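Here come two complexes built around chain A, the first alongside chain B, the second alongside chain C.
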Partner chain A sequence: MFDVLGANLPYLMKGAQQTLWLAIVGVGLGTLLGLVLGVTGAMVGGVVPAIVTTYVFVIRGIPVLVWMFLAYYMLPQLGLMVGDMTAVIGALILYTGAFVTEIARGAVMAVPKHQTEAAKALGMRKLTMLRLVILPQATSLSIPPLLNNSVMMIKATSYVSVVGVWELTYAAREVVERTLAAFQIFLGVMLIYFLICYPLTLAARYLEKRFSYEH
Partner chain B sequence: MDAILDFFGFAFIQSQLPRFWDGFRLTLAISGASMIGAVMWGLALVGPRMSGLPVVVVPIVAYIELVRNTPLLLQIYLFYFGLPLLGLPLSAFVCGVIAIASQHGAFLCEIYRAGIQSISRQQWEGALALGMTRRKAMRQVILPQAVLKVVPPIGNQLVILIKDTSLVSAIGIIELTLSGKMVIERSGASFEVFLFIAAAYLLLTTTFGVVLRIAENSLRARQ
Partner chain C sequence: MNTSADMPMIRVREVYKSFGDLKVLDGMSFDVSRGEVLAIIGPSGSGKSTMLRCLNFLEEHDAGEIFIEGEPLGYRVLDDGSRVRESEAVIARMRCDVGMVFQSFNLFPHRNVRQNITMAPVSVKGVDKAEANDRAEALLEKVGLAEKADEYPSRLSGGQQQRVAIARALAMEPKVMLFDEVTSALDPELVGEVLTVMQQLAEEGMTMVIVTHEMQFAHDVSDRLMFIDRGKVLEEGNPAEVLNMPKSARLKDFLHRFSASFS
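Now for the complex of A and B:
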């Protein structure tokens, strides 16, 4: 019964490669963007926090699929002749970034106030304080939610198939259209996604437990 | 000013409003039906999930982990393309709602469980020491405290659910997202359509969030 899955596995694995690539670029760069924005938003005064908050609010209030469509239709119109692949990766980066911003900001804010006060009393400058006092404590707090967020975004890479970008889910639909074996193929592909996502979920859970013992 | 409005295709959007409105109503219907389904499905799962009987717990945990670690889009496809092969040709609407309720129900089950487990042992022991049965202790002591704790995460989950309804556009349900895509394909209009769609979603999720916060505050005030 699962012969059809075996026969099409090489094709699906190519799709999985593409999914991994989307995940590494989109989620990786998005996480980087979010970390920078989140830490800046928590450390810098003035209008910066308001701008960061607006970014997070607007991005998170709208489905990622709509952002993908928007990037897909809007960027060429604005004179940026990018491919559909680049457009959806842009949407993935922006979306991941918004969630990571919240995580990073929350982690920085969660460092007890007396720590920063003590650092200031020792005469540390902001950057030194960030490097030596805040980041070491915020990092362990933020790794489990960052992993969970990565799982969410890896799952979201499948939505680019709706816009028409070829990856694992798109490949699965092609194979199902050809073979009509909806159950075998979709379940098999779900299993591939599961094998990518579940280790991250488990790692997040393990680290969460370990860090909660330490504190 | 006219040039700006023209750039954003104001007149055109206005002419297409009936289509977007149809899509918006469908998005509301799918969100509502899936929310009810997900909340109930989560409640149905959490009892057995916490029963401690391996025969029950193992399959439920397997289901929850599978559903939470695979894309909702694939689950929608599985129901939509798979059920007819089992002789259950359900409509796209029903398949979409089942898939969304199934995934979000699994997430909600874990939220309920975390809420119940967060109530300290002493509350249990106190209730039992007063001569309450386990059932009565659960109903009168544990659940009222747990409910307050889980309302905010449930709210977050339901906002994600609203956004996830955009995925049923992939099985041809002309809700808000697909209505935008169809207008673009038929008219040659472009991104202004999706700016409008995005604004509509933002309005929807924000309104829902505000309503939730009001509900949460009144619940807290009552207890």
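Now for the complex of A and C:
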């Protein structure tokens, strides 16, 4: 009964490779972008926090699917001839970035004011304080929500198929159309997605332990 | 021009501070000379903690001037009377000379005791790591916690945490130490160990400003006592005289609640 899955597995794995690539570039860079924006938004004064907040609200308020359509159809209209892959990766980065910005900002803000006062009283300047006092404490606070967000966004990479970018879900639909074995194929796809996300959970659990300080 | 020898360690002149409509400091002026221990007492909300926090610019005064060894803190007043805020670098440098111990200890929970003590000397003053470690050991010895160097703060009692906090502040080799109700968050049986360390510091000649509710301690250890009410200095002078012969009704009323005589 599962022969059909076995026969199509190499093809699906190729799709999985593409999904993994989208995840690493889109979600990875998006997370990096969000960490930088979030920490900057929390630490820098002036107009920066307002700009960061606007970015978060605009991006977060619209479904990622719509952003992918927008990126795919709108950028060429604006004269930016980008490939479909670039468009969807851009959308993934911006979308992931918005959520991570809020996670990072929240984690920095959650470090008690007492801690920054103690650092200031010891003569630390902002960057030293950030490096030695705020970030180490914010890191342990942000790992669980970051994992949550990464897993969510990895699954959201499946949306790129709507604008014709080929990846695991797209490949699965092709195979199903050819073989009509929807149950077996999607069961396989389910397992592959799980195998991509599960190591991340393990890594997060390790990091959480590594960065926790309630000894 | 004053030489630094006869210049007061801390000089506070006509300092005002409001939180919104609430006037917290209403024209405070006082000096603290080198080696002097000044105790500040007063009811809750009298402005004593705010005043103390102004002395290392954790709280920014709205008007008036504060000098540490003759150098203006936080703001520079120009000839035309306008104020210029000092750069972050200058403020940070001045804070190195003014150690502070907080009511809630505020140790860094992600670092062990030794790292708590060496962090600022190494990162701010560029002290060599090995040297900072040696100094941390010596300071821990001094506060009676030599065996706790590798523990994390969460494993220590309140009294032990507060003694580490004192060692951490001392590691910067400050010229002044500020104590903000440092025993208020402690269980009664742990208060003594912290006061002992403070008394020892006072005897060594450290310049100290102590905001406290420990009247007996203020009486025993301070050289001068100041009673603050509604952001003003109401009485000040020899601790025994101020405590035993209060002049103002406010201080009489305040001391009445402690219902003890100080000898």
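In this text, the second predicted complex is superposed on the first by the 200 of 215 C-alpha atoms of A that agree within 3 Å, B and C clash if a C-alpha of one lies under 4 Å from a C-alpha of the other, contacts with A are read in each partner's own complex, and residues count from 1 in each chain.
Throughout what follows, contacts are C-beta pairs under 8 Å (C-beta built on N, C-alpha and C of every residue); 3 or more make two chains touch, one makes a residue touch a chain.
It should be emphasised that the depicted structure is a prediction, and the values quoted were computed from it without experimental measurement.
Participant: In the overlay, answer first, second, both or neither for which of chain B and chain C A:46 touches.
Facilitator: After superposition on chain A, A:46 lies in contact with neither partner.
Participant: Touching A:162, do we find chain B (first), chain C (second), both, or neither?
Facilitator: first
Participant: Using the touch definition from the top, say if A:70 reaches chain B (first), chain C (second), both or neither.
Facilitator: first
Participant: I'd like to know which partner A:132 touches here: chain B for first, chain C for second, both or neither.
Facilitator: second
Participant: Check the residue A:79 against both partner chains and state whether it touches chain B (first), chain C (second), both, or neither.
Facilitator: A:79 contacts neither chain B nor chain C.
Participant: Just chain B (first), just chain C (second), both, or neither: which does A:173 touch?
Facilitator: It touches chain B, and chain C stays clear.
Participant: Looking at the overlay, does A:197 come into contact with chain B only (first), chain C only (second), both, or neither?
Facilitator: First partner only.
Participant: Comparing chain B against chain C, which has contacts with more of the residues in chain A?
Facilitator: B
Participant: With both complexes overlaid on chain A, does A:61 touch chain B (first), chain C (second), both or neither?
Facilitator: The answer is first: A:61 touches chain B but not chain C.
Participant: Intersection of chain A residues contacting chain B with those contacting chain C?
Facilitator: Correct list for chain A: none, the interfaces share no residue.
Participant: Taking the touch rule as given, give the residues of chain A at its contact with chain C in the complex, in rising order.
Facilitator: The touching residues are 114-115, 117-126, 128, 132-133, 136-137, 140, 213-215.
Participant: Can you check the complex and tell me which residues of chain A touch chain B?
Facilitator: 58, 61-67, 69-70, 73-74, 77, 151, 155-156, 158-159, 161-162, 169, 172-173, 176, 180, 182-183, 186-187, 189-190, 193-194, 197-198, 201
Participant: Would you pull the chain C residues touching chain A in the complex into a rising list?
Facilitator: Touch list, chain C to chain A: 56, 58, 88-89, 92-93, 95-96, 98-100, 102, 104, 106-111, 119-120, 123-125, 152, 154-155, 168-169, 172.
Participant: State the interface residues of chain B toward chain A in the complex, per the touch definition above.
Facilitator: Residues 65-66, 68-75, 77-78, 81-82, 85, 163-167, 169-170, 177, 180-181, 184, 190-191, 193-195, 197-198, 201-202, 205-206.
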